[in-house]
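What follows is chain A paired twice: with chain B in the first complex and chain C in the second.
On to the complex of A and B.
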């Protein structure tokens, strides 16, 4: 489906493309259906509908000077650019833009790992570098640091962090934007800016001290549209000497509240990595009566759930803990965690899990020897990029809604009930929110829960249900103070609308900034719900 | 560059290979540089045919891609034929696109399972001038 940029005719578009070819070379500018197919969002619930967003062309510069040239050409012709790094943001829009006819600024050729520093534990990369590329560079420099990567790991550190993506190791590395330090940005007028210590000529601390002097604008470039990020530094964890796991179970439903508080303490004290909450009661979900109980409108009572657990001889909840560090330290931390939780929660039990010297062997990465049925995905837990997640993707993909909620057991129970009841409007969807749904402890200091309905390219009715349920989830969650953390372009306005304190002052502030530096909307208009004056009209 | 005749030939023999015919494997075309065989759909086969390596995996393409395909796709040429699940093909074609390659032929070989995944034969070939042979 060929489209043109906004306010542009075919002749103008041809002239624009010719200027792009002059800047980057004729082989690195694409248009036409066959070339643009990969820039569609293949996980889109509005696939092949009027709502689907299509790019008109794509351009792949080789370096920051070419990025600057492309931005200046786009500014001259008033053509919106949509920057992508590796374009693997599936579930959140993939490589597709907010505005029909945008030109994808594909940064895949800028794929150099510029530095891996094993003494000061950071790296500097370009946008086209994937986590696999970074892993190769780490391997080549002696495997002295450990990555923290998303799952799957084919995305880029820059793209993932700018989407505020997450990983699965220690708390201060899992928040990928939070673990960045220093960036280079091409602004909407083509100027090249460096943040923090990068603004000080001769500084050697760009990737160690993020702030420099004065206001730090780095946050504007995450889920924003104020520039094109062309370099970023990231902190890396020194390769831990040892890895250890353990399982804690608690018998009663309300025990979850105390369990969460203990895990919060362990995490905030830096004693544990990512945890996996779960429930052994999920084994009973094939039983129709039990399924009816956990999906009951208004939620089951604690007594009903405790009776079911007791009858099955199963604990109500469990948490898998992961420890990193020197061998003795991991053992002491595990012993401390056991003592702390088992002495406070009657009936709690602990099971020792796998433990081994790092880096892990291939067999250890395969995670087949845990003495319980584990939910830990060992590769991602140890920062090893993988594509294995695609074995669990259903149909033609999915979209994701991951509301941010307080790190308490009470909040988890409330989300189970509120969103469980709300989603009964869509009975064909799997039960994402029920009395056994557990939180994700991905971001460093908050919980999220998962809603990820599938899409099917050949089933528009199915996709329409997915689309409607996503919008309802966003709205109902926001009524209770739970906001989405990341969204595909087709949902970004819905999500932005929910962050409405003081008559949407946050969005109005962003719009004022956008109007002042990019009134024509050259950089990703609409991204993050931020529209420049030209498109607001 | 693989010839159209070889692409057609691969499309013709792939269903028989998927059905377990080693004789069909011997009929595979010479225009390919490697075969990707997903053991969820194809029984184990010789590790090569007429000097063309067969890369076997079970749904997760991480290791074959990281060890073999990614280095090969950084060079010019390299035509790959495969019989895999549609999920694995999605991953491979997404990675291939990043490196100037495209699925130039694909044929569904069976019905979708409960996850919506089905067996498919395909050819991925270089199309961008920076990687064509």
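On to the complex of A and C.
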């Protein structure tokens, strides 16, 4: 489906593309249906509908000077650019833009790992670098640091962090934007800016002190549209000497509240990495009566759930803990966790799990020796990039809604009940929210829960249900104070609308900034729900 | 030339939830000729379509598992054993994607690289035909 940029005719588009070819070379500018097909969002629930967003062309510069040149050309022609890094942001829009006719600024060719520093524990990368690429560079420099990866390793550290993506190791590394330190940005007028200590000529601390002097604008470039990030530094964890796991179970439903509080303490004290909450009662979900109980409108009572657990001889909840550090420290921390929790929750039990020297061997990475049925994904837990997680993709893809909620057992129970009841409007979808749904402890200080309905390219009715359920989930969650943390372009306005304190002053502030530096909307208009004056009219 | 260490493990597994159990031949190590497409394949395709173990106890990687399930034994799930993927066919599949695999852009994988992959796959299929 060929489209043109906004307010541009075919002749103007041809002239624009010709200027782009002059800047980056004819081999690196594409348009037309065949070449633009991979720039569609193949995980989109509005696939092949009028709501699907299509780019008009793509351009792939190979360095920051070419990025600057492309931005200046786009500004001259008033053509919106949509920057992507490795283009693998599936479930959140992939490589497709907010605005029809945008030109994708494809940064995949900028794929240099500029530095891995094993003594001061940071790296500096370009946007087209994938986690696989970065791991290769780490390997080549002695494997002395541990990455923190999202599930699929083909993503970009820069792209993922700018989406505020997450990983699965220690708390402060799991927040990928939070673990960045220093960035280089091409602004909407083509100027090249560096943040923090990068603004001080001669500084050697760009990736160690993020702020420099004065306001730090780095946050504007995450989920925003104020510039094109062309370099980012990231803090890296020194390769731990040892890794240890343990399992704790608690018998009753309400024990979850205390369990969460203890795990919060362990995490905030820096004693544990990512945890996996779960319930052995999920083994009963094949039983029709039990399934009816956990999906009951209004939620089951604690007594009903405790009776079911007792009858089955199973604990209500469990948490898998992961420890990093010197061997003795991991053992002491595990012993401390056991003592702390088992002495406070009657009936709680603990099981020692796998433990070994780091870095892990291939056999250890394969994760087949835990003495319980584990939910830990070993590679991601140890920061080893993989595509093994793609096995979770059902049908032709999915979209994701991950509301942010307080890190308490009470909040989890409330989300189970409220969103479980709300989603009964869509009975064909799997039950994402029921009395056994557990939180994800990904970001450093909050929980999230998962709603990720699938899409099918040849089933518009199925996709329409997915689309409607996503919008309902965003709205109902927001009514209870649970906001989405990240969204595909087709949902960004919906999510932005929910962050409405004081008559949407946050969005109005962003729009004032946008109007002042990019009134024509050259950089990703609409991204993050921020529209410049030209597109608000 | 690479060393040939072939190991074929027959497993009775259910490749995907809900599918009938089917006997699969899981291929682990095969002869891999040294040619330009090998590196491209290893970096761009093998993380999903390789012959290694999948994560956390999965017998195969996701792409290989998906093709095993799709073809039910009529064709190899491992791409490196496929003799029916000449460059023109591979270009279409790679650019347009299939199922949960999205299409690959020219900015990340050039036509020349896809052709190199096709040559490599044809060579591995030939080198390992007949067991």
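In this text, the second predicted complex is superposed on the first by the 537 of 537 C-alpha atoms of A that agree within 3 Å, B and C clash if a C-alpha of one lies under 4 Å from a C-alpha of the other, contacts with A are read in each partner's own complex, and residues count from 1 in each chain.
We adopt the following convention: a contact is a pair of C-beta atoms (placed from the backbone, for glycine too) under 8 Å apart; a residue touches a chain by one contact, two chains touch by 3 or more.
Just so we're clear, the structure is a prediction, and the values are computed from it rather than from any experiment.
If you put the two complexes together on chain A, you find that chain B and chain C bump into each other. In the superposed pair of complexes, A:387 makes contact with chain B and with chain C alike. Within the superposed three-chain model, A:86 lies in touch with chain B and with chain C [touch as defined at top]. In the superposition on chain A, A:154 contacts both chain B and chain C.
Contacts of A:448 after superposition on the shared chain: neither chain B nor chain C is touched. Using the contact criterion defined above for the overlaid structures, shared-chain residue A:38 touches chain B and also reaches chain C. Ranking chain B and chain C by residues of chain A touched puts C first. In the superposed model, A:364 makes contact with neither chain B nor chain C.
Of the two partner chains, neither chain B nor chain C is touched by A:179.
When the two structures are aligned on the shared chain, A:108 is found in touch with chain B and with chain C. In the superposition on the C-alpha atoms of chain A, the part of chain A touched by chain B in one complex and by chain C in the other spans residues 38, 42, 86-88, 108, 132, 154, 385-388, 390-391, 393-396.
For chain B in complex with chain A, the touching residues are 59-62, 65-66, 70, 87-88, 90-91, 94-95, 97-98, 115-116, 128-130.
Those residues of chain A whose C-beta lies close enough to touch chain B in the complex are 27, 38, 42, 86-88, 108, 132, 152, 154, 385-388, 390-391, 393-396, 454, 456. Of all the residues in chain A, the ones that touch chain C in their complex are 28, 30, 34-35, 37-40, 42-43, 58, 60, 86-88, 90, 94-95, 106, 108-109, 132, 153-154, 366-368, 374, 376-379, 385-391, 393-397. Listed in rising order, the residues of chain C touching chain A in the complex are 43, 47-48, 53-58, 61-63, 65, 95-97, 99-100, 102-108.
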